Every structure is written in C-alpha cells, then in structure tokens.
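The structure under discussion is supplied below as structure tokens; questions concerning it will follow.
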Amino acid sequence: MHVHQMISTHPRVRGETNGALIRCIEECYSCAQACTSCADACLGEEKVTSLAQCIRLNLDCADICNITGRIATRRTGSDEEMIRRMLDACAAACRLCAEECEKHAEMHEHCRICGEACRRCMSACEEAGRSTKH
Amino acid sequence: MHVHQMISTHPRVRGETNGALIRCIEECYSCAQACTSCADACLGEEKVTSLAQCIRLNLDCADICNITGRIATRRTGSDEEMIRRMLDACAAACRLCAEECEKHAEMHEHCRICGEACRRCMSACEEAGRSTKH
Amino acid sequence: MHVHQMISTHPRVRGETNGALIRCIEECYSCAQACTSCADACLGEEKVTSLAQCIRLNLDCADICNITGRIATRRTGSDEEMIRRMLDACAAACRLCAEECEKHAEMHEHCRICGEACRRCMSACEEAGRSTKH
Amino acid sequence: MHVHQMISTHPRVRGETNGALIRCIEECYSCAQACTSCADACLGEEKVTSLAQCIRLNLDCADICNITGRIATRRTGSDEEMIRRMLDACAAACRLCAEECEKHAEMHEHCRICGEACRRCMSACEEAGRSTKH
C-alpha cells in the first residue's frame, strides 16, 4: 500500500499528513481483506452451522472497513463529521467481529489471524478518531 | 426490487417482516444509485470546481447507502447493534448530502432529484432505526 | 429507483437516454440486493454445507452486479470499453449464480426468487451490451 | 496486509498457496486505495475540468479492483471462470486508468504514483490469470 505517498501529494494536504489517519486507512483495507478471507474460509469448514454468526459478522465488517477506508481516504471538502461517524461505526464492527472470531481461534487459525486484524483496525480507528477531533 | 419477497422467505424471518426495514433497504439502494449518478453528472458540468464538495459528499453517501442496504438485508445471527449504528451513520450521510445538493437544486436538476432521494432515505433510516429499538 | 430521471438530467445525456442501459442499471441494483439476501438466507438454513457453493456465487454475483450498476451509471467521459467488459462479466456472473440457485429452487423459495432476479439481470446486461456496440 | 497468512489457513487451500494470486490480491487492494485517493486529489485541483476523465476512470478502476480483490480472495467452491473473467476486466481497467493518469503525471504527483500502482496491478492480474489457467 502507498497510502502515505498518495495522501501527501493531495492538493488539500500538501505534505501535512495525519499519521494516525494513514495507519487507519491501511488497517481498514487490510482488515477488509482478512474478513472477506475468513468468511470464505469459515464457509469451507465442515461445521459451517456453528460458524454462521462468524460469517455474518465477517461480511458486515468487511463491508464497513472497505467503505471507512474509502471515506477516510477522501480529503477534498470538509466532511469531518462523516469521517468521525464512520470511524466510530468501524471500530464497533471490528470489536464485534473480533469477539466472535476469538471464540473460534483455537479451532481455526484463520479466525485467530482475522481476530487480530480486527483488533488492530479497531485501535487504529479509535486513534484516528481522536486525531480528527478538535 | 424484490426486497419484501426475498426477506419474507428468509429462514429466520418466516413471514414476519419489518415493513420499515424493507422500505429502508429499498431507499438505500435507490439513494446509492442516485448519488453515484449525481456525482458523475456534477463531474460532467462546466463549473466542476463549485461542485467539488457535492461530488465528495455524493461519493461518501453512495458508499454508505450501499453498505447500509447490504447490512440491513442480512438477517442471520443477532447483529442489531451493527444495523442500528449503520442506520444512524446513513441517516447522517443522507442529511449532509441532501443539504449540499439542495444548494445546487435550482441550477442542476440532477442535484434536485438526488437531494430528494437523500431526504427519503434519511427518513427511512430514521424510521427503521426506531423499529429495531426495543 | 429513479434511474431514468437521474440519467436523463446528466449534462452529457441531455434527454437522449438509452432505455436498455437504464433497465440494466435497475436490474443490477435489484439483483445485487437479491443475491445479498439469498446468501444470508442460505447461511441461516440448517443444511448450510450443501449451500456453500450457492453462498459463494451469491456473494460474487452481488459484488459484480453492484459495481456494474455503478459503472453503467457513470456517463462522463468515454469509457465504453469498460462498460462493455463489465456487462459481459456481469452477465456471466448472473448465469453462474442462476444455474446454482435453480438447483435449490424447489427446496428454498429464496433461491427460486434469486434465480429469477439473476436471469432478468443477465438478459438486461446482454441487451445493454448490444445497445452500446457500434 | 496478511493475504498469504489468511489464504494459507483456508480449509480448501491447506498450505498450497498460489503466489501469483496472492500478489494479485495485494495489488488489487493497494490499487483500489490509490485510485480512490487519486480521484479525490484530482477533484481538489484547481483545473478539475481537464481531470474529469481521470476521475471517472479512477472511480471505475477503484470499484473493479476492490471487487476483483474480494472475488480472488474467495476460495470455496469452484468459481475459476468468474475469477478469470474478473482478472481480465481488472487488467483492462488498470490499463485504461494508467494511460489516463500518465497524461497528467508531470503536472500531478498523485497521478504519477497512481499510474504506477495501476501498472503493477495490471501485471499482477495478467500473471494471476495465467496461473489459474490449466
């Protein structure tokens, strides 16, 4: 990912990048991929029924991380309210998904790794949220 | 759209559909299309610079409506917290986008129609949010 | 959906709308919702294992329909090659998903309805593809 | 990104990962972010009108890369036809977007970096396409 390079050349940013927001964007895209992968891996397991709620939360979390990564990437205009709301929603989605993945972490390595990605993304969203508050 | 038909045959729903949520899903998909269309129409206008903030909010709103429509569609498991948070975020995105579109409604018919779609989606999200609260 | 209203007010369209493309956009958004709904309904069924391939194709088809609806909505600039390629890919995704859904149509009403949505979207993409060819 | 870790623990993969496909997934997510960023940076430039086609292609390319990354991530079931078609469409989107970005590369650093991301993603999609062919 070249998030820092891209954001730092934005005409409204002009080099004054927000490190917490850049890390958050990276974690959002990374977590979106991990959740998409975990949903599909769960779907391929023999005992799918016990993983239905995990798949559901993985799909929700992947969608929210994806969109939060996009919205946090956009810097034109002043849309701080929208960014903060999505960072909040994304941190919540990551927490819910991490809690569910952690229940299956001993059985399924993909759930363990995905749970970690969700925790990292949750922290990054919280920190970015603080950094955009006045 | 066949939202009611699809949701009513879901194994966890078994005919007991929530009318407010179904209307909300329809408005989310409809508003996502209207915002995508308005962003592109604004981009095709001669005076794009004055429409930059409108395009920005259109893109954010299209992304959020899209994902809210998906998350509200999923009924497996108990993810009410996630649905409520996204309905809140989506209502806010629609309000911000409607306010901006309305500034250009006299000049650009696409902004007028899109502003109306955003207002309808905002109301539908608010009503669906109330209907999922206990 | 207000696809016709939105597209007809686009500065590059100025009233000369392509009916086949408008119908296709509507079917893409509708099919994206039906596939998202069918994936989740399948996930809520008792015998999920036998529906794993159906869920997989539903998720792929929902993603492709969503993006095809967006790309076909954008009219600024000349991106006909991209639109035609996505209409082709989307028709293929709808065909694959319909074929799988039809296997479960007698057992699951949501698969029957979703299969029909996929067939309609497939036809609409094919017709729109022909209408954009010179 | 933890693409390799996630894919290698998938029940249908069991360690036998396809290196070309993993690299492609990483490039798809990275290019999706770069294109979203470039679209927004172009929108923030003074001479937006001359960048309208670049923004349009950025948005299309971001959407297609996003979805291709998701579809290539899913390994359950046998959906090789869908993966190959999307890799083809994604390579084409990246080529079109790179060609447009390169026209503005001297003026705008974000277009130069984005053009490079598109070229890398195009090559990765082509190589992954060859690796999934029998």
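Residue numbering begins at 1 within each chain, and the chains themselves are lettered A, B, C and D in the order written.
The rule is simple: a residue touches a chain if its C-beta (ideal position, glycine included) is under 8 Å from a C-beta of that chain, and two chains touch if they have at least 3 such contacts.
Since we're looking at a predicted model, the values are computed, not measured.
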Chain pair with more C-beta contacts, C-D versus B-D: C-D
Distance between the centres, which are taken as Cα means, of chain D and chain C, whole angstrom: 21
Chain centre separation in whole Å, for chain D relative to chain B (CA means): 27
Residue numbers of chain B (touch at least two other chains): 40, 43-44, 46, 52, 56, 59, 66, 70, 74, 76
Arrangement of touching chains [line / ring / star / complete / other]: complete
Chain A to chain C touching residues, read off their complex: 40, 43-44, 46, 48-49, 52, 55-56, 59
Chain A contact footprint on chain B (complex, rising order): 52-53, 56-57, 59-60, 63-64, 66-67, 70-71, 74, 76-79, 81-82, 85-86, 88-89, 92-93, 96
Complex contacts: residues of chain A adjacent to chain D: 1-3, 5-7, 9-12, 25, 29-30, 32-34, 36-38, 40-41, 43-46, 62, 66, 69-70, 73-76, 108-110, 113-114, 117
